[in-house]
Every structure is written in structure tokens, then in C-alpha cells.
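Below you'll find a set of structures to go through.
Shared between the two complexes below is subunit A, which pairs with subunit B and subunit C, respectively.
Coming up: the complex of A and B.
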């Protein structure tokens, strides 16, 4: 049961509490923390630091081409903001399908990353964009950690207990690129990815694939890159055969689990489908074609 | 809401004292239910919202294992923990065996010696705080010797199978049943000689269909608060059946019924999951022992595993013979219903399943057997249209397979075989009206009018029927001194709006407006008996009671008016709040004036109950296990047509449009009836593709949470077009109406299944038709239905797999 609760209004104050109270855990939207507690999976922390009133964490801007997001940036903002939708489309795809409208209005990108779920929606897009986070602790300043190495396992990160995620910096993708995030979903809201994939694809002048980054959701203890799929794409013609080859390569390298939501062989087969469709969507967007956001709505039933 | 803010539910804005909102009096204009605003704005108080001085908190010790012998149960140490007021086990209550519907008296209030399903109640604690109650539950010393869980209905029928109830031969039971072994009940629907007719049929199709168990999942979990005063107890319960809850509490605690008052505040949904007696007895006993009011609220996990009301897992084997022109000649079927650890009402639901497998079709020779089989799963029971959706899903796919075999369009196949006015049913009841054909034609026409199909899309149709449920039910109607009215009813409002619409019926009889009536309801001390919100019966039965009472008040009003207006009663009418002489607009007196007069003498006060309509004439002489559903009273006929998209690569099925055409006899209130249809379709679509309980090999549920047990969301709901066909029933509810609550959930999954088969060219014979199952059927041909012990030889699918065609 929670015995201590603080709601600081400044970053310094929050960091000070996290520094002196080793049991203190920050909470922003609370959409994971409270649900986990109500389901009996994880009791509420002994000490809670509510960071949702800290203005210094609520900023978001495009600076020098990069997207700079305070930890309190909501999924709703990411899903709706034109710059994100046009420049970092995969991130908008992912943010638009988190939970429900209420979850998206309350849940934050900082919370989504630090919760370190293998099924987190925003992580795979941030990985393919090469995003970094800034972790800050009282007395030690800030350090920069790539999103790709932040999570170390389900619910675990490389952050120290007194470190707070303050900022996410997402570099600008190449001009000739397109991105997408697609998950396999059984229903359209309040859903968690059965499998998911983010793709960032850059086209060469001749229309072939110059570069590709792919990250996978819900097939490993953390969000992982799919180098086999990326290799299959680079240099290839941007066509359905290449998309399917990338899917097959990703599925061949993955070792998903059997659980109540899906069998391992279904997950593996679906990974091939989802990766192929995600790359197809990213390529279409790189070509300037319009694929609706979120791409997951568009994806299921596509021929690839 | 805070502790210490003690309020009695009678005075806190909740039922049973509800002021209706505005609406119309003639029943043809929409009537907006009175309780909607309170629910939508959060003012409505549910059972768990009620507070009482000194309220203590209950928690149950559940078995947590599917089948085990209790070798030690000792609450001594737990009783010493801080805040603990009472801990009860079977040793602390009358040690008697009861049956929740008296079909088989197979259970005790708390487990005695053996636990038979994961959610079985072993002990109950009352403590000052919920945390202290939880700590005490954890401290109860209990040891088990695990027994092999019996989880497979076919395996349970083998002679060598261990028994769920080794002492079953000593259990009392309904005289129409013969429970033995792992069989709780067996019912048949038999007409003619099906075996002989099948032998002569041009085409015979044999198939197996398997349905998983599913949950009703009301938003509000079960909640009970018991509050004693002397030797009387008031039980606030989230029940759909207050009188049943009262009766069983009286039985298990050996208290006269008149010392028990069951009150329901607002009910947060039920869908059948709150039919039956559940935890009222446990909490009443706890409150008596604790000498305080005690409240139990189930967690969502407990709500999944503990209440013994889930849909039946079913194994349906079907064999149908048709002539070359598609005329159905005969049907044989065996239905195995997984009734779980306790029989509850499964035996009678088996009989209903058999009637559903016959369906509203002209079938000369029928031989259908339904067997209720004990297992160590959660006991199943009367969830919305119990057995209907699974049975319809099986038989309506079977009909599409038959249609394909004889080269007929599925709609034409049904058109040739559905019953018409005057046709006979499976036990020779005479059908009234052409509702079956009319709904088929309406649904098929509307879905086809919806424009051309896109890639990956197909149309599916499914027809069916469901009964209305005649039963005893009572109401009082009175006119207050100012001319306003009050209905006092025993009926239970479970969210369907059926009780909230009763003023329409009274107002029409009395020339008043529905908003002139208040309703007192959901209190067993106040209202006369009613069977509860189950079996789509509230309007059917309680509506008749209200009409009967209102007619008596009408007679009283006209007599008074006759004196005041010096006119013959025969020349009087009640209209616009007045009694007046027909044709003489100036000669009238207001009902308010008459009521004022009445309050100096004989009051305007009447009761209604009347005899329920009888079931139609039939011949069930060849049937066994007759439990009252040998015929269907005032059956509803319906057809759903769906437009579905299937993504074969993922198995994801999206239903894009549903046309729900239903013959409800007569629409009494269009918004209410439409709401029932819409909600039923959405619930059915969840059952079709997502909702199914997953069990581990240990017999424990693996998806007992809202994260893993997925319901359809609003975002997934398709366009739903509701069509009503009105053929008033001669022996029905008010104005020839029929039950409305259950029919809409019955045929949707079947229609979706037929559309899936049409898109993919393969059939999924396992419910729910999850994406993974659809994908597996598409990629491997595995239809999901195992068939090692099919009773009529190998199925179509098995023969096809072996390369053997039947003809």
C-alpha cells in the first residue's frame, strides 16, 4: 500500500525526492501503474512521486529538425500533431492506437518507455528513428541513452532508481524516407499488440530501397531490431516480393512465445505478414502516397 | 462516495422509488426510460455504493484448483488476526445439499470435503477493512489432495472416467431426470423415425461443431450487502432474480422467506450472469456472525471464476438428410453440454438446446439428444439465450453446408424449409404467422441492397427461433390522491428497460401519460412475486400483470365517474387524464378529481397477476427428460444477415454490417426494442470471434481478466440495421408481444460463420472463431473440431480429409 505521496511542481523537487527516497517511483499518467495494481499483478509503490504537474516535462517542439519531447508528452498529442504525422509518421501510427481515447489523453511517452513492456506501441517507432532519451538524477546531471538500449527486459530498464526520463529526442528521418507502425490487433481499441512492427525505409533515386530499419513489438522480452529483414530489403526493388522477403526473414529469426493470446507459430506467421505490410506502408509513404493514420486500420486485408 | 455517509437505498435517489421521465402515452411514440439520466451522469447508486454504519467487508477463500479433496481446513489462526469479525466454513452453516434450480441437489453453500471447480467457495471472512479480510483469507490453513480434473465432456462419459460427484446416486433430483455417472441430465426431442428417413435421403451430411465456454461479463461485478435487524435480514444484492435469491437464502440458512428482504438498487448489467442464487447466503451468514452489516464485492478476477453462470461449452454432432431438391427429411443430433461442476439449470437448458437444433424448420423426422455432463469447470447456466447462440451457430452452418451440397443458394435453401403459418414444430406444435420466412426475406433483401461486395467480403445469413417464457408475475397499480399513478412490481430491471417501460402499458389502459406513473420495484418486501429478469420474460409476464391491474383501476375509475357524470359506464372512456362521456366532450371529470373522491372512500387500488399463457399444444410422448420446453411458447423468429470482411493472411474477421430482422410479435416501445437488438448483436459479435474461456490442463482459467478475455469495443461495432416484423402472438404478452431480450444474440455468430466460409472456402467449426482459428482453417484446413468419438460415424470434414466423398 502506498504510504508516501508527493506531487512536486518542479523537476528539481521531483529529482530530490527520487534521490532521497529509494522506494519512490515516478508516475505520470498512471495508466500502467494503476491497472497493474488493480489486477493484482504489482502492488502500488510504497512511495509515489506524481510528476504530471511539472511544466518542465510538458514541452514539445521541433528543434534543428529533431522532435524534442518532454517526458509528459501524451499519446494524444503525438497522434494529432501535424509535424509528427508528416515527419515521424510511424510514431503517430503507434500513438493513435494506444489503449482508448482516455488512455491516450492521460498516458505519456515517458511512461510508455519506462514501463518497458515488450508490447509497448511507441518504442518500436522510436527505435527505427534512432531516438535517444535523457535520464536525469539529482547531483549527476543528465545522460543520454538510446531508446534501443533503454529496456533490459519486461518491466526493466537500464535507468537507475533515482533517474527520471526528462526528454525524448527523435532525429529527423531522411527526406526520401517513409515510416509506418502496424500491429496485429484482435480489436480496435483497448488492445495490446499480438505482434507489431515499425519500419523506416529510405528510397534511392531509382526507386530501390537505399536503407531500412525495422523494429519488432511483442516477439521478444524487449522491442528488438530485425537485422535479417533490413538486410533483405537494402538494395532490393521496393515491391511486394521484397516486402514478403523481409517478412519471412524477420519471422525466420524470431522466437516468439506461446501464451493465452496466440500460439508461437501463429505469432511467427503473423510477424511475416505484419512486417511485409509495414514495409509496404512505409514505402508507399516514402513515395508520397497517402496511407491513413493509424496504418493498422489500413493494413489488415491488404494483399501483401 | 465516503464511509459514514450512511444512506438507505430507499431514500437516496435509487430504486425502488423511481420517477419516470417524459414520454408518450400511446406506446407508438418513443418512451425514454427514466433511469437513463441517473446512470449516464453517475448519480445512480449500485449495490457496492451503499454505505452503512459499521459496515464490515467480506472476502471469499476460493479453491484456486479445479478438483481436490480438502484434507485440512483450519481457520483458528486466521480468526485471531486484527480486524477479523467472522470466518465461516460449511461447518458453520446448516449442512444441507441444495440445487440452484432443484434439478439436481448437488451442492452445498461452502465446499464440503471436495472442491469441484476453481472458483468454489471454501470459506468466507468478514473483517473491518478489505485488507484485513484479505489477510485473514490468506491465513486460513487449508490443505488439499489434488484429484485429476475432469475437463473433457466426451471423456467424462466413458465408463472408466472418474466422477465429479461420486455420491450422485444419493442426490435428490427432479423426477423427470435420472442423474448418474457424470450425467446430470438427458433430454430428447423425438418425432417420427429419423434413422429410417435418413436411410432414404438422397444427401446426408454429418458434421461436428465445438463451442467453448464464454462469460456474461457485466460491467458491475457481483455485490451483496447483508444487514440484520433482530431475526430479519435485508440483503442488498446485484441479482437479476430477487425472489430466487430470497428463496434459496431461506432454504440454505433455514430461515422463513418473510424474514428475508432482498433489495436491488440499480443493476449494472447481468446478461444472465446474475440469474440464480449466488452469494446472498454466504454474506447473510457472515453478517449474522459478525453482528454487523457485511459487504462483498467480487474483484474482476473473481467475477470471472466464481459466479456459476457461464455459457455452455458444447459438442454438437449433426446428421441431416435432404431430398435432391433441398427439402429437409430428417435430423439426428447429439449435444453434449458441459455443465461444469454443478448442474444448476443446465438440464433444462439441454432441452432448449435440442429445440434450437431442430429450429424453426419443417423436419418430418427428428431425433435429438442433449446430455448435460459434469466436469470440473465453472458451472454453466442461463447466460442470455442459454445454449441458443452455440446451437444456432452449429445448425445454421450445417444448413449452409447442406445448401451447397444440393446446389442451392443458402437463402433459397432456408426459404424451402423454414416454417410457415400452420406448419408443425419438432413436437407438432402449430406455428403461427410467417415470421420465419418474413425475417429471412427482410434480412436478405436489406443486406443485398447494401451495394456490391468488396474484395474479401461475403454475406452470411442465419435464421432461428427463441421462446417466450410464460410465468407467474405480479403487480399492483394505484392512483394517488392527486391523480398521479404508481406501479408496484416484483419485476427486476436489469438494464433492458423492460421495467422502465411498464408505465406505457398502464397509461394506455387509463388514458394517462407514462410520466404520470412512478414505479416501485426491486424489493421483495414490497412487490409481489416475479421470476426476475431472465428468459426475456419481464414485459411478457409482468407487462400482462400491469395491464390486468390497470384494467381493474380503470373499472374503478369508470364506476366513480359514472356516478359523478350520471352516465352509464358503457358510455364512458378514459382519455387525456379524464373520464368522459363518449361523444360529449363537455361531460367529463379529471382523474385527479376522481382520485380525490376515492380517497374519501374506496381507494383506486388493484392487483394483477393472472394465469400465464399456456404452452401451445404439442406431442412430446416420444421425448424423455421433459422439463417444460417440449414446445416453445409464442416463439420469436429471426434472421440476421451480415456483411463480413476476412483477411485470410491473418484470420482477422471484421463484420461491416448486420441486418437484424426479428418477429417480436408487437413492438411496444421502439427505442427499447431497438436497443435490445443493437446490444445483442454487439455481444454476439464478441462471442463470434473473440470471447472464449481458455483453460489450462489443470482446469484453471488462463484468461480470467479483461486484458485477456476480450470483449468487442464500440470501435469494433459495425453498422446495425434493425428490422421488426410484427405478427402478434395470439397467446403472447401485452398486445401480442413476445420476448425481446434474448433473441438478438442468437443468430449473429452463425451468420458471421457462414460469411467466413463463403470468403475463405473453408469452414471454422470451433467457437469463438478467433483470428488464429480462422487462419489455421485457411492455411491447414483444420476446422478446429475434434471428432474422435462422433456418435454417427465420421463427419463430412473427416471424410473429405480422407478423400472420401459422400453422396
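Coming up: the complex of A and C.
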């Protein structure tokens, strides 16, 4: 039962409440927090701090080549903004398939990361881009945490209860690189990834793969890198055989679980396909070829 | 502790004392009598509870009422002007976009939000715009056609 509610308009005020009221939890759009309570998975917190009116968290800019996003940046903004679509395409792929138009308009990147779902869409792209978040608490200032180590398990993060995610900083990818995010989905909207993969691939001058980063969705308690798949790609010719080898390597190393949406065996089998197609899309984009956003729709029926 | 909520619903300034855990849907229906907005699944899957908050579509079943303080809410009951139906409402009625009617308020709100952003949407854009609204009767085709028809009528009127 929620006893206390505050809707501060400044970051200082929000941090002060989170500092003195240990039961206080932030809410931005409510698309995870309130839905979880409606589904009976988790009651609403005893104290709620609505952060959606804090202008200091609503900024977004490209600064020194990096994408700098306030925690309140919505999925809709990420899906529609030309700089994100061209420079951080995997993040646009992921944001464009979150929920429905209503989810994307109210759901935020800060909420998506701090909710720490193993099936979160934006996390794998942020991991391959090497993004960091800034966590801030009253009296302790800010600290920087890589997105890759923010989640510690389903619904759990390394953030202290009084820390608020204020900013996400996404470095610019290398020139000659391309990125993509693809999920296996049973329906187009209001869907949770059965499995998913993000890839960031950099091509060498001779067209071979110079560098690759791959992260996987919904095959582990958190979003994880797939070093086996990355090793399979580096130095290889950027062709279908290499894409399939990366998929097989990722699937061979993954240990997904059985749940209501898929068996572990099906997840592993499909992960091989999803990784191969994600790498294929990232390579095509690195070459300047046009792959539509979201790449998940393009992925259906591809030969790779 | 209940808190005072003041907001605008369909152009009317309204207020109520609201417990912090209550959703906008419950307050609209139980405190303000705006029962046009429906409770379908009550966990953000079906879209029957869709309203506009400052012009953007929101699942009101999963939106805390107090977060709407000072904001302008549009429900299905705010679409008609006096006794004149909104072009979307008329097109849904005349084109068979309504069968049981339970999804209709949410469909109309999502469609209104789509047309405000994109007055001439493709069929794919309409399907994407309505992707958060489930209908178990129509098979969607007459709904998509109704939105196309209303869009054309609204473009011709401007």
C-alpha cells in the first residue's frame, strides 16, 4: 500500500527524498512499476517519488560525438530521432519495438535500465556501444557505472536505493561500423523478447571484420556479452559463413532457461539464427546498405 | 495519505482526494464518472483504458492518477463535440469498426493520437498506431479502414 507520494520538480529535491525515505522508489512513466503491481508480481512501493517533471532529467544531446541522454529520454524519442537512427542504429531498432506507441511515449531509458529485466530491449544495444550511466545520490555526488555491470540479476541492479540514474552516455561507434538489434518475437507489439541480440561490427579497409561486439537478450539472468561469437567474427570475411559461425558460437555458449515463452532448447536454437541475422544487418549497415528500422521486421525470412 | 489531485478531463477542471497507489483509470471511472474509458486486462496489454495525457496516448490502468496532476486528459467522451460525433467515431460506426464495442474507446483514442501526428497514415502506420489495442471481434480490417476513411474526411475538412 502506497502511503507517500511526491512529485518534485528538481533533481536535488528528488535525491533528498530518496536519501531520507528509505522506502522511496522512483517512477517515471510507470510502464514497469505500475504494471508489475497490476499483474500482482510486486506491490507498489510504500513511498513513490514521481520524477517525470524533473527538467534536468529530460535533456538529450550529441556532445563531443557521444549521445548524452537524460534518464527521462523516451523510447519514442530514441526510435524517431535521426541522429540516433543513423549513429546508434541498434538503439533505434530496440526502442522502436518496445511495447506499443503508449509504452514508447511514456517509458524511459532510465526506467528500462533500472528495471533490469533480462529481456529489456535497450540494454543489449547500450552494452555493445560501451555505454555508461551516471548514478547520483544526495551527499555522494555522481558515479559512473558501465551499463554492462549495472544489472546484477532479474530486477536487481548495483545501484544503492538512494541512487537515481540521471544520465546515459553512449560513445560514438567507430567509422566503418554498423549496428543492429533483433529480437525473436511471437507478435509485433506488446511483446517481450524470446531471445534477442545486438551487434556492433567494424569493417577493415579490405572488407573483413576488424572488430565485433555482441550482446544477448533473454538467455541469462542479465543481458550478457557473447565473447565466443565475437572471437568467431574478428578477422573473418564478412560473409554468411562467418555470420552463421557467430550464431553457432553464441548458441553453444548460452545457457537459457525454460519458461512460459520458450524452452531452453528452442531459445538456444533460435539464438543461433537471431545472432547470425543481427550480425548480417550490422555488416550491411557498416557497408552503407539500408536495412529498415526496426531490423526485427527485416529479419523475418532472411536466408542467413 | 490521500492527496488532492487537480486536472482537466475533456476540458473540465476536476479535482478529487486520491490515494497515491490509485491509477488514473480508477479515478476517471469511480471518482469522475467517466466510464467511457474501459478496464480490459488491467495490466497494460489490451489498450481498452487508453486516454490522452497532454495529447499522448497512455494506458490509464498503469498510470498513477497523481502523476496526471495539472495535465489535460482526453477520454473517448471528449472526442464528440456537443451532439456531433468525431469523424473517427462516425467512421467506426458506419464501417463496422465496432462489434461488441469494448475496445472501441481505446481504439478511438489511439487513432486520434495517430491522426494528430500523421494526418495521412499508411495502412502499416495505422496498424502500428493501433498496435497497443486488442480487438477480439472485428479482425481489425474494418477498424483500419475506418481510420483511413476518417483521415481522408478530416484532411478534406481542413
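Going forward, the second predicted complex is superposed on the first by the 304 of 304 C-alpha atoms of A that agree within 3 Å, B and C clash if a C-alpha of one lies under 4 Å from a C-alpha of the other, contacts with A are read in each partner's own complex, and residues count from 1 in each chain.
Operating definition for what follows: a residue touches a chain if its C-beta (ideal position, glycine included) is under 8 Å from a C-beta of that chain, and two chains touch if they have at least 3 such contacts.
As the structure is a computational prediction, the values presented were derived from the model and not from experiment.
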item	value
Which of subunit B and subunit C A:1 touches, first, second, both or neither	both
Which of subunit B and subunit C A:226 touches, first, second, both or neither	neither
Which superposed partner A:284 touches (first subunit B, second subunit C, both, neither)	neither
Partner with the higher number of touched subunit A residues, subunit C or subunit B	C
Partner chain(s) touched by A:103 [first = subunit B, second = subunit C, both, neither]	second
Subunit B versus subunit C as contact partner of A:209, first or second or both or neither	neither
Partner chain(s) touched by A:39 [first = subunit B, second = subunit C, both, neither]	both
Touched partner set for A:295, first subunit B, second subunit C, both or neither	neither
Subunit B versus subunit C as contact partner of A:186, first or second or both or neither	first
Partner chain in contact with A:49 - subunit B first, subunit C second, else both or neither	neither
Touching both subunit C and subunit B, counted on subunit A across the two superposed complexes	1, 38-39, 100, 188-190
In the complex, subunit A residues that touch subunit C	1-5, 7, 27, 29-31, 34-35, 37-39, 44, 48, 50, 52, 99-103, 105-106, 188-190
Residue ranges of subunit B touching subunit A (in the complex, touch as defined)	131, 299-301, 455-456, 645, 647, 649-650, 652, 654, 689-690, 694, 702-703, 705, 707-708, 710, 712-716, 770-772, 775-776, 779
Residue ranges of subunit C in contact with subunit A within the complex	1, 3, 19-21, 23, 42-45, 47, 50, 53, 56-59, 61-64, 66-67, 69, 110, 113-114, 128-129, 131-133
Complex contact set, residues of subunit A against subunit B	1, 38-40, 100, 184, 186-192, 260-263, 266, 269-270, 273, 300-301
